[in-house]
């Protein structure tokens, strides 16, 4: 099969580096262009040097080009641009005919932009039709969620289908890599917890409702559960841990709930997409798991499975407590976007 | 005023060291005896050497004696023994006529043993009458709560009085010093979160209900709110942080709720007890507080005030979110016990 | 005694905060002006908010003014400006008649500028005469060393006097607070060591030789020992640890060397200056000290004593190994500058 | 080729886990027996559960047996026993006819026991002849060095051959995994450095001299350079970093020294042994490398290459400074032992 050429917009940051790692031996996609800002004209390896393990040689030597359509030679683009840049740049690429798969937050909540977790709401990709019609674009924008939303929504989804969740209370313990580089100063976080991440709680709440919502008359009607979120930063490197309490309409049997989670599989698994883990959700039985340092890379595609543990009945038949962990840079960013692109490609949207 | 002589049972551990620090210049109490186990016969400074800052000279030179009544010369004793040891030893001291103020968990839930936070349930000290009658002891046992319970119950109390809490969902992020020394292996916790602390969640739930309960017919009737707890260990040194969501009967006005917390004062403040902070609860307005490393020592008596922050309305008029932090070794252990002893002394119970 | 009014140039940074803490109850000096850059016009508490414990109330409310002589009402100034700013600004203050005591690096190696550790080379203050003559200034500049130099030079000095050091090999393990705020990204240093600090090794070497040098014909002749330095950053908050190996001319007796260090006292101790610790060097006998988290605040004036440990004979009679620790923000910055100002004031230089 | 059956003595510890990982797909060796102590009779996965990533399924289900020859079915054994256990047990296995390849310290300095780094002193394996003759054993003991020694001796060796090293001054910054599990308490090391590791400095010094020594008349004559060592523990997970200063007889050209290190290859590379990295020493040109978190796993066989950086001329033509990093559990323990076994097997010693 001929590989599609891809560009990575904003390739020099932390998420960009993970795209490169995950695409290194990708069967369908081949990196053709890397864009940047301060590092334009530099070799890629010099643009990121010192922050990360060495990139593959052929990528290391690529020249970083400006983030403009005319410099990009690709069948479609991944965008991991900062929010402000993404707001202007992604539409300009879509207008120029590029399919854009973006993990930036700028357009996630646009009514005609799909916000996708391939296992949860693959059907929302249909929003692209509305988007193209409204905007008159040859290309389009598809987005993937905030790094904290992904693990939460992926875990809520099978439970919601089974038990109808009325309310969720979640406290997150997020890794420093979620803030990019340089990100969180060491003086602020070493031996400490910062109980606040700007804008994060609102994103988690509204994005989750959109993802769990139904497509009705070409528009996503958000799900109606109540979500209470507290986001904190803890001194871990990778892997966002979330403590979740849910109240449901239907009574929960804990063993059944574990099966619902552990056996969950969806379209990407059925299609055997290259970046789809065999199990989107891994349920651990040990008392003290998931743990970020041990479990962030779990799964048949490392970092693409959410690990759930300590699934416990609450004080009522209709309440449940658990912890979940997902790799914020893989399942929560580069990985979910690649999986989304694979899905879009399967649907013939990238050709 | 003549100072009372006190013994510290289990003085060589981490909590013991904090008793010594807090009692160094205490106006009412004077350390007379230090007990230990492996270190019997050693100088105190050699028994704890390497783990902590240097103790005061006169304490450093004291000899560690066995934890038995006959070796103890004191008007009353503080116990920070391990649970198993406390189960046998504390009654033997009470039987021998000693008042025992204990932060060990062994007897906290005994029906006739008070479990005290002086600002919350000073009246529960009356249980001692029942205890003495039932057990025929000259002395008695008074306990203080688990280090995680203290901050939670102290924060819930004024809110409960005002709004009648129906349900509380709490996720804790607890410091490694809460596990004592050697405690948590560095390989387990560095750059990691361990989402489980053995026995902790149950303690937090049942202790809080006892503390918030009412004394009826000489017995404490537990409060009836529902508490859902998830306890985690994070790589911080001191200070347990707790993310709290509550549902109340009466609607909450956030500004009023902040005032209810910030202006809360109780018997220890009225009596101006030596270890009573001017404000048991400090409310911060910054978006990103409380933080363990910055706020654990807050207050006029360092470590005795709980710091509350991010007080936010939930999705309904009857829900509220906030974070609270308390110093697990001071307000959560040695400090709350000393304050309890001060209260008991004021009531004439230690003479 | 009437207090001198002082200004702190660059008061909002990490070192500035320590000046404020150390000067809070100073008997001789009173903070009159705080200068800044981005935060001009703000209250001080808002300029530093979130980074540090709360400043004293009267300081918190002070307005931050521009770093120019015309805005400053003071008898002398402390400068903790960034290097580039210090290069221009400090001379402009000296020209305007202000004595400047600076811990910035800009002018440390100027031939006519004293580089002072009050216990080591108080006599170098005489360079000010040459400086004023050459530059025609009413005021003057006196500097204090790099945070890593101070602990090293203070430890080397009594050993050098006694044994004549020919060569020193030093490897440092420096705390993140030495890089200021935001300083070192958490992603770079958590669970890691960065074996490089830009410009640091050269500073340590040339500054130490100047400090240990002799004033001959109004000029400092650098000491002639050979110093080999490797500077690393480790994930500690405060306190620079240094592993030191020395080769000397005269044979060393280890017990004598310990006494030489432990009993060292100098002009500041004789004059009983307010910020002078009783012992500039504390020698620990335990096998595993000094440790940054335990020992950084050691001494009668917390943070002003260097802690030395593991003093061991090398493989030859003329070699010695030891570790030393000094608080980089206190003895290594704000504290050494305040002590230097006290010395200068004693000599009548600030009136 | 038929695979040799191997037993791992003390398989449940941290080093044992790394043997299992490294041998998972080994072409020559196949794990046949795992021994333990407290966990005898348990499945392997239960014996190590919670400390490490999941072991391969076939290993996970193996039963842990007692560390006695009669329970062991193997062509040879690896020993990662604690020192005290190794002292008695390893000779008993050798006596029973087993070749023992040990990374325990018990017998390293025995005159007739080889202490091997395959790239440095493969010829020392001949000591086994003396050993068998003297002790009358069918089997034998071959040892590998302390985890800190390996990286140092491997780096010194090519420099020593080229420049004749007279003196080395080394300060180590060692990871917590070097202390095993539970090892270093988190309260001791978080945000801290412990400048002492019991017994380590002496081991590094005497082992290095033995390894660099020459075999003369069937006995190893230690090398004669002077080594001054200071060992510290820092809060890193894996990878021992060492700051090295050397004095040589012959003058050093820095570029040449880098080539000497980077191009060093030896018997294992020539023989293309399965666990031999293409480059035993990787020289980095960046200013701020090697870093434990980034570089510990460097090389074509992850964790088997030592990374050297910041190679700088000292103050004299005959002095040189550099930093080196080696993975303490792989090149410093399990990996060097496996490579040694491969070498021994090549020489026909394991059949």
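As written, the chains take the letters A, B, C and D, and residue 1 is the first residue of each chain.
Please note the rule applied: contacts are C-beta pairs under 8 Å (C-beta built on N, C-alpha and C of every residue); 3 or more make two chains touch, one makes a residue touch a chain.
What you see is a predicted model, and the numbers here were worked out from it, not measured in a lab.
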Same or different residue numbers at the chain B/chain C copy interface, by half rule: same
Gap in Å, rounded to a whole number, between the CA centres of chain D and chain A: 41
Cα-centroid distance, chain A relative to chain C, in whole angstrom: 48
Per-residue overlap in chain D, given as positions that touch at least 2 other chains: 190-191, 235, 237, 288-289, 294
Chain contact graph, described as a line, ring, star, complete graph or other shape: complete
Complex interface listing, chain D residues touching chain B: 14, 51, 176-177, 181-191, 235, 237
Touching residues (chain side chain C, partner chain D) in the complex: 169, 171, 173, 191-196, 198, 226-228, 230, 232, 234-237, 241, 243, 245, 287-294, 309-310, 314-316, 319, 321, 323
Contact set on chain D toward chain A in their complex: 49-50, 52-53, 190-191, 286, 288-289, 294
